[in-house]
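All chains are identified by letter, namely A, B, C and D, in their written order; residue positions are counted from 1 within each chain.
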Amino acid sequence: MASTPDTTERYAGLSNEQLIEMYRQMVLIRIFEEKCQEMYTRAKIGGFLHLYVGQEAVAVGTIGALKPEDHIITHYRDHGHAIARGLDTNALMAELFGKATGSAAGLGGSMHLVDVSKNFWGGYAIIGSHLLMACGIGTALKLQKRPEVVMVFFGDGSTNGGEFYEAMNFSQLGKLPVIFVCENNLFAMGTPIAVHTSVQEIYRKACAFDMRSERVDGNDPIATYEATLRAVEYARSGQGPVLLEAVTYRFRGHSAQDTQKYRTREEVEQYRTRDPNQVFRKRLIDDGVMTEEQAVQIEQQAEVEAQGSVDFADQSPPADEKWLTEGVYANPIEPKF
Amino acid sequence: MAVMTVREALRSELREQLKDDRVFIIGEDIGYYGSTYGVTAGFLEEYGTEKIRDAPIAEAGIIGIGIGAAMLGMRPICEIMSVNFSLLAFDQIINHAAKLHYMFGGQITCPMVLRTTNGWRNLSATHSQSFDPMFAYVPGLKVVAPATPADMKALFKASMEDPDPVIFIEHTLMYGVKGEIPDEPYEVKIGESRVAREGKDLTIVTYSRPVHLCMEVAERLSKQEGIECAIIDLRTIRPMDMSKALESFRTTGRAVVVTEEWESHGVQAEIAARLYEHAFDYLDAPIERVGFREIPFPYATNLEDQVVVTPARIEAAIRKVLA
Amino acid sequence: MAVMTVREALRSELREQLKDDRVFIIGEDIGYYGSTYGVTAGFLEEYGTEKIRDAPIAEAGIIGIGIGAAMLGMRPICEIMSVNFSLLAFDQIINHAAKLHYMFGGQITCPMVLRTTNGWRNLSATHSQSFDPMFAYVPGLKVVAPATPADMKALFKASMEDPDPVIFIEHTLMYGVKGEIPDEPYEVKIGESRVAREGKDLTIVTYSRPVHLCMEVAERLSKQEGIECAIIDLRTIRPMDMSKALESFRTTGRAVVVTEEWESHGVQAEIAARLYEHAFDYLDAPIERVGFREIPFPYATNLEDQVVVTPARIEAAIRKVLA
Amino acid sequence: MASTPDTTERYAGLSNEQLIEMYRQMVLIRIFEEKCQEMYTRAKIGGFLHLYVGQEAVAVGTIGALKPEDHIITHYRDHGHAIARGLDTNALMAELFGKATGSAAGLGGSMHLVDVSKNFWGGYAIIGSHLLMACGIGTALKLQKRPEVVMVFFGDGSTNGGEFYEAMNFSQLGKLPVIFVCENNLFAMGTPIAVHTSVQEIYRKACAFDMRSERVDGNDPIATYEATLRAVEYARSGQGPVLLEAVTYRFRGHSAQDTQKYRTREEVEQYRTRDPNQVFRKRLIDDGVMTEEQAVQIEQQAEVEAQGSVDFADQSPPADEKWLTEGVYANPIEPKF
């Protein structure tokens, strides 16, 4: 959403409407994913399912600061980003169900949500790789003299592999319009951040590239939105890339299989008391931005939408068998015998 | 004879190996997380952080550290969670682990074991691949892919005792497979195939998980129709022991090659080519190959079911060759 | 007909391509240094830093940037100086470039051309490899390896016009090879093989540099002994056009496969297997394969000379098959 | 060499003998490589030949601060490091000639000099890879509770690929005894440093790992020696790795094929006036550490040794043909048919 005339200083110039829309997105992500979990348990969804629960404020705060023309590319924990970008939840759930109506025709599944018509270039499941593709998108934008930026999402654990650093160097050398958003949820799968990286304040890693960077409370959608606005302005004006670190926490396991031995139940409960969705809800109500009734209505609508997506997915036809012989190439050439 | 799963067999051999001061395991989420497929679950608590080394997500690093430590006399076990991620370490594996001994005139050895997994099931295109033929192509590597709990245990031991770098390929869909493990000490050597089933009508050459699928089909055909398929489990794909496969093929004159990999340019091409070359005078019919359909893996079950190797496809190939 | 070297043919086609706004080249030492093998020498001065993009030594990055730019409609040419370094980009090439179109249900295309070189000569173990079979194995990639200046030019053009990722394999020892280039516009399609020489006695199936070695041997055998070898130049190894090879083989019943790669698990295994499979009723003798001896490349000339593919080894294979 | 009682403050406590030994090594490297160039022109040496001319002070200054038990692993521009570590020049030249008496039996060539008996673990020709192996050596040293350190050499251009950063993180996380020595000669092959990296003071890249680092004048063997002593002490005492950047310049082309279009003749000439060997020679003589006669004698001896190595290599038998069937495996297993 674009920023409109100031309403409240505390809300970064966002109008009540915009704030409520942010809350709506956060709720929709949450409820959509609760459905996912349920559908996974009922074996409607297979493979790896990585939930975003607890991190909603990051997607909504960052993507909210982009224009629709701006580009997004993300990793396998991609439901939140897809919904915040406004992808059709029916197509998303259908994708998770492996149906023909899915956003990737049922070929990608949870880790590979996509909608190119919305400049959402997909979720990628190999740690780090898509950061370099983001640089490629940034290179194209620059060569094509386009005013857009590209935002790329990844986790704290994804800042130790070589591809992250290559991306930092390439983007800074080329002053590419790339916003790197690291969602630091304190774990890489089950490996605590102190075990996997020597500098735990991820934003500090930008120093090796003289890159602009900033750390923000990723559980606060407004702070995240403001930090992103600054980053986007910087990148869009041709000054180069920015590394944004949003500190957050994931409430669910890494994937649906996770037994979470690496952290205590107490730790998770502790964080749950600061649930970004609850905190934001209370804040908007306390500040008179939204009424309790509005909140409830939003929550009910989200439930309806999410359930609708399940029904849609359920009733959709299975993935098209044409994909057994088509689609590997845009320009197929048969081998000849 | 104890009955164990593949997972248990591996765990028991890993424990044996960890008694050696030179041995440590390095890999992603092997410790705190408790191991993606449960093979090293509980090991961190038992052996501590020096021996169970949780690594950052940096596959090249994991292998590079293994190589360097091996050069200095350690016996590292490097775990790459999924073979799909091993592409990030291909430089370390192929340009270095495979080369050190030769390139430096025999002065350096690299006794490293790289454990990794093949596997699939609704994991889509980047998480379902097999790179067996790529490893098998490289002189300097040894590549082992056992099918049974007993072979897992024994070949893991053999890999650890070997002074050369070994790629040890497990399979995510095989950890629960059960089998008997001899009570007495027993040995399986790297580079020795096995007759998994005798048979006079047709020779199936395979290894790793498809061995079980082939057994299922062969038993059924035997019971129902008296067709007797020999099954040769190669166990090691570099170096490859074709002697048992050839011996059988020279009798049957008919063969099916079954492997989990895309059907062109795979290990199956090499197997087929060698069967033709070395049993040229015994050919009764063209050899059939069964592998993955040559497309990236789709997520949807209805499609994936038609990409993978199934008993039905194996049976169809057998019937075609026997026709 | 103009006579050009492979280098000149490539330079002339690169110039054609660079006229397109969507085209840029990214790679190491292509600009300031003046290009390792001279293909892009002088281009930086002529086209500037936007189109001729000198990259840091970061092969994954070079390909990742190519992929991302291609997704947005550019037509990047990514240069990996030596295929040996491409291992560092295998994740980008195999997990991404090859997957995008399929994995996202056809929404994304990746019209990227990856130029790289095979080659050897006193470069030792890590600088002399061929990974042709690894690329050829991967659905989603197209893999082209022409042998003549005319094919280089035409197939490079075809690669650039193709919407899919193409691995375009050159050869360091072939840049100086001369050949005729038609004056009129001409076309060579990806995935079409070529009869480089007709012959009734034996079929040689080959591609890239060995084509020239085979021609030399075939001409000599023809003149001196009247032995007529057909030579099929595959030109593309994924997808592979076996039609001409099979047509010839069905006549001759005898074949030699000659490729620059280690002799097991290579493209030659696939070629041989397909010849056997699809011309099963025409086999007169086992097919011989000539490739690199299966060892890492030694530096010393006296050894390397015995590792590589030579006219003498090709001739010996021909004689063996004819015997 | 180990440090002995102070002689001169200006010379980091090095004795005259030690200083003269350093000069001897620098001269030997230089003259050995001039022979290499000549032999390359005469086609006695093939493949890629990367000369070290101009960078001698780095190898001699850094390796001089190690104990013989300490470990070295390096890249393809390895002649200087091998000679500074005291590898037999006969075996080195024979290796370049591809002879059976070569340090790697003629299998490795110029890029892969080696002598494990001297803890010289070889030269590696794939940029960045051996930095990770150095971490592996460091890991082994730590697990084996040994007091040694490992030193790893590489160039400025080698700090942009992912493997460099992975090595930095692994070594810092594990507090491994690794000394990373970056020889910043301002070019990666022919690509100027400003084109290939976003932070040109390579030592600053350590900030992303909270790693200790230092920049030193790599043309001054004494300054380099002192900085290395500090680094070695730090690493040996278990405090962790160090990134040392030695700024230097290469006088010859990147390899023997290089036409050097990327820099002017004037630039090279300019640097040649500050030739580290000449500067050190003059300094030792001016300070009365060494006489002109001693210098000339050293130079003559180096000439004799280098020529001797050429003669040795020339007369040595070619690489043994046993390597056509042996050596790929330490434990060979024949494929069976």
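One rule holds in what follows: contacts are C-beta pairs under 8 Å (C-beta built on N, C-alpha and C of every residue); 3 or more make two chains touch, one makes a residue touch a chain.
These numbers come from a predicted model, not from an experiment.
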In terms of mean CA position, the chain most removed from subunit A is D
A student comparing C-D to A-C should find more C-beta pairs in contact for A-C
Rounded to the nearest Å, the gap separating the Cα centres of subunit C and subunit D is 37
Could you grab the centroid distance between subunit A and subunit D? Build each centroid from C-alpha atoms only and quote it in angstrom. 46
Cα centroid separation, subunit A vs subunit C, in Å, comes to 41
Using the average of all C-alpha atoms in each chain as its centre, how far is it in Å between subunit B and subunit C? 30
Multi-chain contact residues (two or more partners), subunit D: 104, 106-108, 112, 124, 126, 160-163, 166, 169, 173, 195-197, 323, 327-328, 335
Multi-chain contacts only, two chains or more: what residues does subunit B have there? 55-56, 58, 60, 84-85, 88, 91, 95-96, 102-103, 124-126, 139-140, 240, 264, 278, 294-296, 298
Going by the contact rule at the top, pick out the subunit B residues touching subunit D in the complex. 24, 50, 55-56, 58, 60-61, 63-74, 76, 91-92, 95-96, 100-109, 111, 139-140, 142, 162-164, 189-191, 239-243, 246, 274, 278
Spell out the part of subunit A that touches subunit C in their complex, as residue ranges. 73, 102-108, 112, 114-116, 121-122, 124, 126, 129-141, 143-144, 162-163, 166-167, 169-170, 173, 323, 327-331, 333-337
Residue positions on subunit C within touch of subunit D in the complex are 28-29, 31-34, 36, 54-60, 84-85, 88, 121-127, 264, 293-296, 298-303, 306-307
What does subunit D use to touch subunit C in their complex? 46-48, 95, 98-99, 104, 106-109, 111-112, 124-128, 157-158, 160-163, 188-192, 195-197, 254, 258-259, 261-262, 318-319, 321, 323-324, 327-328, 335
In the complex formed with subunit C, which residues of subunit B make contact? 84-85, 87-88, 90-91, 94-96, 98-99, 102-103, 124-126, 129, 133-134, 136-140, 238, 240, 261-262, 264-270, 272-273, 276-278, 280, 283, 285-287, 289, 294-296, 298
